[in-house]
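Scroll down for the structure; my scribbles are underneath it.
Residue numbering begins at 1 within each chain, and the chains themselves are lettered A, B, C, D and E in the order written.
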Amino acid sequence: MDDRMYSKKLLTTLLLTLLIVLAACGGGGQDSESAGGEDEAEDLTNNDAEDTLVVGLDDDPPLLDPHLSTAQVESQIFKANYETLINVDENLDPIPGLAKDWDVSEDGLTYTFYLQEGVTFHDGADFNAEAVKYNFERILDEDLGSPNASDLRLIEEMSVEDEYTFVVELEETFAPFLSGLSHRAGQIVSPKAAEDEEIDLSNEPVGTGPFQFVDRTAQSHLEFERFDDYWGESPDYKYLEYHAFSNEDTRITNLVSGDLDIVNRIAHKDIEQLEENPEINMSEEDGIGFQGLMLNTDREPFDNQKVRQAMNYAVDRDAITEVVFHNGAEPAVSPFAPSSWANNPDLEVPDREVEKAQELLEESGVEDLSFTLTVSPSPAEQQLSEMLKSMLDDVGFEVEIEQVEFGAILDRMYEGDYDVARLGWSGRVDPDGNAYSWFHTDETYNFTGSSNEQLDELLVDARTTVDQNERQEMYRQAAEILWDEAPYIFLYHENDYKPMKDNVQGFNHVPDGLIRPADLTLE
Amino acid sequence: MEQTENLSVQTTKVQNPRLRMLKTMLERLWQNKLAVFGGVVTFLLIFTALFATWLAPHDPTEQNYSAVLQAPSSEYWFGTDNLGRDIFSRVIYGAQVSLQAGLISVGIALIIGVPIGLISGYYRGFIDEYIIMRMTDAMLSIPALVLALALAAVLGAGLTNAMIAIGLVLTPNFVRLIRGEVLAHREKEYVEAGKASGISDFSIILKHILPNTIAPIMVQATLAIAAAIIVEASLSYLGLGTQPPNPSWGSMLATGQGYLDSAPWIALFPGALIFITVISINLFGDGIRDMLDPKMK
Amino acid sequence: MKSTSEENQLQVHGLEVGFKNKKKYTQILNGVSFNVNKGETLCIVGESGCGKSLTSLSIMGLLPESGEVRSGEIRFEGQELTNRSMKEMSKIRGNEISMIFQEPMTSLNPVHTVGKQIIEAIRIHRNVSKKEATERVVEMFELVGIPSPRERVHNYPHEMSGGMRQRVMIAMALACDPKLLIADEPTTALDVTIQAQILDLLNELKGDLDMSIVMITHDLGVVSEMADQVLVMYAGEVIEYTDSKSLFENPKHPYTQGLIASIPKLQGKTEELPVIKGAVPNPDEMPSGCRFSTRCAFAKQECFDQSPQEEGTEAHPVRCWMYSAEWQQMTPLKGGESNGYTTDGAVDREPIRN
Amino acid sequence: MATPQMEQSTENLLEIKGLKKYFELGGGLFKQKQQVKAVDDLTFNVKKGETLGIVGESGCGKSTMGRALLQLQKPTSGEVYYEGQDIAQLNGKQLRKLRKDIQIIFQDPFASLNPRMTVGAMLTEIVATHEIVPKKERQSYVQNLLEEVGLKAEAYWKYPHEFSGGQRQRVSIARALAVQPKLIICDEAVSALDVSVQAQVLNLLQKLKRKHQLTYIFISHDLSVVKHISDRVGVMYLGKMVELADEDSIYENPAHPYTQALFSAIPDITEDHKERIQLKGDVPSPLNVPTGCRFHTRCPLATEYCKQAEPALEEVKEHHLAACHYAE
Amino acid sequence: MLSFLLRRAGLMIVILFFVSIIVFSLVNVLPGDPALMILGQEATDESLEALREDMGLNDPLVMQYFAWVGDLLQGDFGQSFRDNTEVSSLLAEKIPITLQLTVMSFAIAVLIAIPAGVISATRKGTLWDSSATLFALSGVSLPPFWLGILLIFIFAVTLGWFPPSGYVPITENVAQSLWYMLLPAVALGVRLSAELTRMLRSSLLEVLGSDYIRTGYAKGLLERAVVYGHALRNSILPVITVSALQFAAFLGGTVITEEIFNIPGLGQLLVTSIQTRDFPVLQGAVMFMALAVILINFLTDVLYSILDPRIKLTGGSQ
C-alpha cells in the first residue's frame, strides 16, 4: 500500500515539475534570448529616454534587405542604416547622397557619379566605386530576383573610373533614372556582408547609414545604435528603435502616452485630436501617391467607357476627403498630386453630378450595373467603401462590398479576378513611377486591362525625354486621356502626417513620407 | 387511486397526451421567472429582427455627412456613427444578422452532427472510435474561434460563409453530445426491450433514442446559438463576418473601438445588445433544461 | 404510545416532519411516537415512502434543507434534541448516537482512505493522537471482522467489497462507543449471504457493546432476525407497535396482516399470494380518513372519513377502527361485505361517496 | 402445485449448450485486454410450459445469461436451440422474427420504458412491427392487453412517468405479451417492487402463464420469490450453474454447499433463528475466477482436490443436478 | 500506469494526426498566393514563379503534406513567408507572452471562482447564491471583445488608470508588465471565472447531496470541515477536467483579447498570419495551440487519475 502511495506522490511531483519546466521553458526562451543580446537588454532598461528615439511604424517591416524589399514600411528603416547614392529634398529635387556630385551627358545616356570619400560600412568595409558596382550587379543578378531591378534594367554598361568615380551607360534615355537611385535601387549594402554566407541581410542589414543595426524582435521591434564611424554629421542621440503597431489606435495611444517619439502614419480621424494636443507637434505635407478605384475593363459593366465615366461623376470626392480623411487629403483626378510638377491644373475636380452620371449610364445602355467592390479590411477602408457604395447606389449601381486581406486583393488583381478594387499607390519621386507601370498597356500594375495607344505613346515619350517642361506637357495630356478613358477612378491624394513629441526637433518633411532619423534631435 | 380517478374524469384531455405534456412543461417553465424573462427578451429580439423595417426610425445604411459622430439625442437615440448613420436603426437591423447567424449556424451543426452522432454512437466500432471520435477530438482541440477564423478565411468573408464556418466548428460538439447520449441510452433497458421486441435499428434510433436526446440537444443548441452569436460578432469584428454596409453588431463594435474617446456610443450600444441577446438566450436555455428535465416531476 | 420508563434511551413523541418548498408544505410524518429501551433493538418497518428513513434522519438532525420538524419531541437520555443547534448536535452525532446507511458504496468518501475517515471521526470526539486513533481503528476493524485490519486501514473504499465497506461503516459508527446505533436499511444493498454476515455481526455487537439499535428496514425477514420491538409504519404514521413475537404471531392491523401474507414463503407452496391491492398514496393526496382505507379489505364507510385513533392494548397498540368500540356500529361498504384479501390487487374499488 | 405440472410437457422449448459470454475489458489499439467470464459454459434445457427459476447473487452472470439467450448480447460461444433451431446462426431479419416468440421483462420499471413515448405508442409500434393484428384493431388490441395486465384502457394515452412502479411493471408485462410470445424471460422482474406490489405482480405473472400457456425463465436473487414461482430452479455462482433441480427437491434437499448456505442465509419470518451456514468472505471477482471448483474459496467443505479439479454438473438424484465433488 | 500513459499517448498521436490534416488542408485551400505575399506588389512574374518552385508550392499537395509533417517531426516548423524568420523562434517569442496572459487570467479566474462557487453552493437560495449565479451567467454571456472594449473605455479612456493597450515584456519591467497585462487578463479571466463558478457550484451541490457527506455529518463533523475537508476536493476534480476541456475555448479567447489590447502574442500572430497568408506561421501557431490543448487534457487526465484513487491507470473501459 505504502509503496503505491509513494509512487503516486512521486508521480504527482514529477508531473508538477514537468509543468513548471514547461512553463520555465516558455520563460526560458526569453531568458536565453536576452542573454544572447545582453547589452541590448541593458540598453532598454538603462537608456535614459533622452538618448533614445523611438519611432512608431504602422507595420512590421518584413525584409531588411533593400534590394529585396517591396514594402513601403521597410523604406522607413532603410533611412536609419542605409544610404542612397542620391537623396531628395523637400521639393523632391535630387541632392547629394553617397554620391557627392554627378554629371549627366547631353543625350541623357551617360551618368558619372563622384562618390563621397572616407565612408565606411558598419562592418568596417570601405565604400568606393567598386562597392557601388557590386551593388548594381547584385540588384541585376537574376539569382537574387530583386524586384527593384527594373530601375536599373536599362544599364548597358558600368565602369569604375577610379576609386571614387563611377560611370553608368544607359541603353536609352530614361528620365526617372536618378530618382530611382534615390529609392531602393540606390541603397548601398556592404559587399563584404552580402558575400558573407553567414550573414542574412534580410535580417541583419549592414550599410553606411548613421545608425547601425543591433537587433530585431520579429513582428515587434528593431533596435539601432549610433554608428560612431559615420562619415557625416553624427546624430544627436545614441539609440534608435522602431516599434511596429499595426493598430492605428494603439500607435497613437503610445505616442500620446510618451512611449513613442514620432509616428510614421496616423488614421485621419485622429488628426483633430492630435492637433489639439499641446505636447504633440504635427507635420503635414502633401503626399505624392494617388488613391482610387481600379476598374476591371475586361468585365461588364466596366468594359463600357460611359459606365466608367459615370463613376467619375457619381462619387463625391469632397465628402470623402472631409468625412473619412477629415480634410487630410486632396481630391484627385489624376495620378499626379497637386504639388507635383506633372500635375495638370486645367483638370479641375468636378462636383458630384448625379444627373450627369445617370445620363452617362443611360447612354451606355448597360442594364446590369451590379458589381463587387473589393477592399481591405481596415476601418478607414471600410468607412470609405461604405460611402462609395452609398454614392454609387444612388446613381443606379448595385455595389456589394467585399473585405479581403490586402494580400488576397493583390492575388486577385494578378488573376484579373475582380470587378472593382480599392488599390492605390504610395507614389514615386518621378512622375513616371506614378504613371508608366500603372497605365501603360500590359504593364505591371495595369490590372484594369485598359489600353490606349495615345496614352502609351505619351508615357513612353515622357520617360525617354530629359527636358522637364516637355515631360510636363506630356503628363498633362496623359492625365486628360486618363480622365476621359477612366480605367481608374482617382479619388484622393492622401496627405502625409507625421505627429511627434514636442521635444523632437529638426524634422524635415520630405513628400516621400520617410523619416530621416539622423536629422532629428531630442531636446 | 387518484390517477385512475383523474383519468375517468378528464377523458377528453387524456386523449391528447402530447398537449398534456406540453402543458406541464410550460407550467414548469413559467415557474422559472428568469427563464421567462429570457424567453420574453429573446422573443422581443426575434420580433425586432422580423419587423426591423417598421421599427427602425432611419434607414440603417443612410449616410448623413452633416450628422457624423453625433451623441445620442431625440433624433438619434443611440447617436450616429462615423458616416452619420443612425446607430439605433443599425442595432435593430443588426439583430437580424446576429439571430440569423445563431440559428442557421446551429442548424447546420445539427443537420450534420445529429446523424453522425446517432449512427456513430449506435453502431460504435472502428470508424466511430478511431475516425469520427478522433476527428472530433482533433477539431475540438483547435480553439473554435481559430478554426472559425481559418474556415471563414478559406470560404471568403461574408455572413453566409461565416455561418457555414461557425456551423462546421460547432458540429463536433453535437456529434460528441449526441454520441454520448446514444451510448447512455443504448444500454438502457427500454432500448434492449425494443430490440427484444424485434423493432428495427432504424426505428430504435429514430423513434426511441432520438426523442430522448432531444432535451440535451435543445439545451446544447441554445447554448450553441449564444456561442454562435458571439463567434459571428468576433468574425465581424475581425472583418471576416458580415460585410459592410450591412449592420452587424460585431463590425459596429470594431468601428466603434476607434472612437472610444470621442464617440463611445458607437461601440457601447451594439456590445450591450450582444450581451442582452446572449444572456437572454442562456437564461431561456436554462429554463428549457429545467423544463425538459427527464425526471419530469 | 407506550409509557416511558427510566430505561429509555430514546423517546420520540408526536413527531411531525415535512418538506417545504416555495409554494407549499407537505407533511410526511404524522405524529410518530416510540421509545427505545437500553440494550433493545427497535425495528421500524414499512414500504418505501412510509417515512421510516425520515424518522431516523430527524433523530440525527440530518434532515435535508427543505425538511422541517413541525412539532414533536425527540429525547435522548431525557435530553430534548429537536431544539439543539448544529454545533451541539454535532457533539452527539457519531459520539453518542451513530448511524449507518443503506448504500455502503456511496456512504464513504471515495478520495480518502477508510482509515483516514474513521480516524477523523474518532478525533472529532476524542482528544487522542493520530497514532492512538489509528490503533483504535485497527481494534474496531478486528471487532467488525475485517481481515488483516492493519493493512485495510490504508485501503480506499473502492478497493473493498460491499460487505467490507458496510463493516467499515459499522466500525466507524461504533468507534466512539455510541449508546444508540441507527441502522438505515444496512443490508438492503447486499447479497443474501453477505446480509446474513452483517446481521449476525450486528446482533453480536449489540450484546457485546450494550447499545440500543434502531433498525430501519422494509424486509420483515430482517425484522424477525433482529427486532425486540417492532414499529410498523404506513404513509407517515405508526400503525402498529409491539414486540417481534406478537407481531408475527398476531398481527393486528390489516396492513401488517397483508404484508406478512404477501411474502412468498420458503415453506410450503401456494398457488397465489394474498395481496394488498393498489399502491401507497402520494403524500399530497392522502385519504382524509384512515390512510390505509383505500387499500383496506375490511374498510367501512367511516374509515374513509375519519382517522382512527390508537386502539388495542398498551403492549400492542394499533391504529385501526377495527379495534375500536365503534367498529360494530360503522356502516359497511355498499356492494356487500368485505371479503378479506384478494389475489389481484390491480383494479381498485373506489369508495362510494355520498 | 398441481396444475402447472400437468400442463408441463417433456418437450424442450429451449436447449442451451455450452453457452459462454466473456466480456473484454479494455481492448483496442492501446489497451491491455482483460476477460470477464460472466457466463461460463452453461448447458441446460427449458421445458415447454415450465417456469425455470435462476437464482444467484449479484455478479453471478444470471442477467447476462438472459440477454445472451435473446442474442441481445452475442454469446462468445455455445448454441441456443429454440424449437430445434440454433438462434445464434440467425441473421438480423430472422432474429427479429424470432423475437416475437421470446420476450424479456427487465428489473428497473423506470429504465425499461421509453420516457418519451406514451404506453399506447410503445405497444402499438411493437404490434405493428410484427403485424399481430390489422391496423384498425391495433388500438383496441393494445387496450385489451392493458386491461388484461390490470391497467385501465386509458393507460394507452399516458406516459410512463404517470405510473407507479408496480403499474410500470404491468406495462412491461403488457409489452412482452403484445407479440404473443411463447417464452418470457423475467430478469429480476419484481425485485425493485415493494412487497405488497411484488405479490400483485407475481400473481399476475402466474395468471398470464396459465392463460397463454407461457414458459418463463425467472431470474432473481430472491430465493423465496423464485421458490414461489418456479417449477425447476437453477443456482448460479460465478458464471456457472452449480445446481439444477425441481423446485421442491432443491429446497428440501439442496445438494451443493453453496445452495445450502444460500438458503440458510435467508431471514425468514416463519422460523425462529435457525442455524446458519456462514460463508467466508466475498464472491471472487469474475475477472479472476478461482481454479478448480469456483466455490472452494468460500466453501466450508472444500478440500485440496476442490482447488484443482472443476466439478461437472452431474445428476446426483433423478432430475437433480449438482456441480460438487462431494454432493450426494 | 505505463499502459495507461502509452494508450493515452497513442490516442494523442492519432488526434494530432487528424489535427495536422485539418490544419494542412485548411491552410492550403486558403485563397492567396504566398509567393505574391512574399514579393509583394512590385514583384515580377519570373521571380514569383521561381519562388513558388523554390517553396515547393508547385508540388502535389500530398507531397507537400508529407514534407511538412516530416519537418514538423524534426522540430522544424519552417520559415515565415513574410520575413524568413524561423517559425519556431517566432513561436518561442510569442508563447511566453500568451503564457503570461493565460497564467494571469487563470489566476484571476480561480481567485474569483473558488470563493464564489463555494459561497453560492453552501448558501444555496440566498442572496449570495443569486449574486454569484447572476455573475456567472453574465460572465459567460459577455462577449469577450466587448468586455475588453468596456474595460478600455472605463479604466483606460475615462479613468485613465490603465494603459489602453500594449505590452511590456516581463523581463524588462515586471511591475509594468503586470500592469499592462492586467486589463486583458481581467477581460479574459472573467469569462473563465464565470464558467468555473458555475461548474464549481453545480459540482459542489452534487457532492454536498451525496451519501458520504451525510456520513460526514453523521459522524459529527461541522459544516466547515465537511465542505472544505470532503466536499471541495471531490467537487474540484470534475471542475478540473471540465476546465481542461474549456482550455481550447480559452485559447480562442486569447486571440481576440490580444487583438483588442494589441498584445503581440500567439493570438495576434495567428490573426496576422491569416491576414498575410503566412502559411508556415499559421500552421505552426494552430498546431501549437492544438498541441497545447491536447497536452493539457492529457496532463489533466493523468493528474485526475492520481488525485482520484477510484480511477485505476490501467486503462479502464470508456
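As a convention for this text, a residue touches a chain if its C-beta (ideal position, glycine included) is under 8 Å from a C-beta of that chain, and two chains touch if they have at least 3 such contacts.
For clarity, every value in this text was computed on a predicted model and none was experimentally measured.
Engineer: Name the chain whose C-alpha centroid is farthest from the C-alpha centroid of chain C.
Structural biologist: A
Engineer: Considering B-E alongside A-B, which chain pair is linked by more C-beta pairs in contact?
Structural biologist: Counting C-beta pairs in contact, B-E comes out ahead.
Engineer: Between chain A and chain E, what distance separates the C-alpha centroids? Give it in angstrom.
Structural biologist: 37
Engineer: Just how far, in Å, is the C-alpha centre of chain D from the one of chain C?
Structural biologist: Computed value for the inter-centroid distance: 32 Å.
Engineer: On a C-alpha centroid basis, what's the spacing between chain A and chain C, in Å?
Structural biologist: Between these chains, centre-to-centre, one finds 89 Å.
Engineer: Using Cα averages as centroids, what's the distance between chain B and chain D in whole Å?
Structural biologist: 47
Engineer: For chain D, give me the residues that contact two or more of the other chains.
Structural biologist: As it turns out, chain D has residues touching two or more other chains at 29, 152.
Engineer: So which stretches of chain C touch two or more other chains?
Structural biologist: In chain C, the residues touching two or more other chains are 279, 347.
Engineer: When you check chain A against every other chain, which residues touch at least two of them?
Structural biologist: 249, 377, 405
Engineer: Which of the residues in chain D come into contact with chain C in the complex?
Structural biologist: 1, 3, 57-58, 149-152, 164-167, 170, 194-200, 202-204, 206-207, 221, 223-225, 227-229, 247-248, 251, 261-270, 273, 276, 278-279, 281-283
Engineer: Okay, in this complex, where on chain A does chain E touch?
Structural biologist: Interface residues on chain A, with respect to chain E: 7-8, 11-12, 15, 18-19, 23, 26-27, 29-31, 33-34, 41, 44-45, 60-63, 70-71, 142, 145, 147-150, 200, 202-203, 217-220, 245-247, 249-250, 253-254, 257, 259, 377, 405-408, 410-411, 414, 444-445.
Engineer: So in the complex, which bits of chain E are touching chain A?
Structural biologist: Residues 1, 31-33, 36-37, 39-44, 46-47, 50-51, 80, 82-85, 89-90, 92-93, 95-96, 99, 103, 163-166, 169-173, 262, 264, 269, 272, 274-277, 299, 302-303, 306-307 of chain E touch chain A in their complex.
Engineer: Could you pull out which chain E residues touch chain C in their complex?
Structural biologist: So the residues of chain E in touch with chain C come to 124, 210-212, 214-223, 229-230, 233-234, 237, 307-310.
Engineer: Using the touch definition up top, name the residues of chain D that touch chain B in the complex.
Structural biologist: Contacts found on chain D: 28-29, 67, 70, 72, 95-100, 102-104, 106-108, 111-118, 125-126, 129-130, 152, 154-155, 157-159, 161-163, 172, 175, 178-179.
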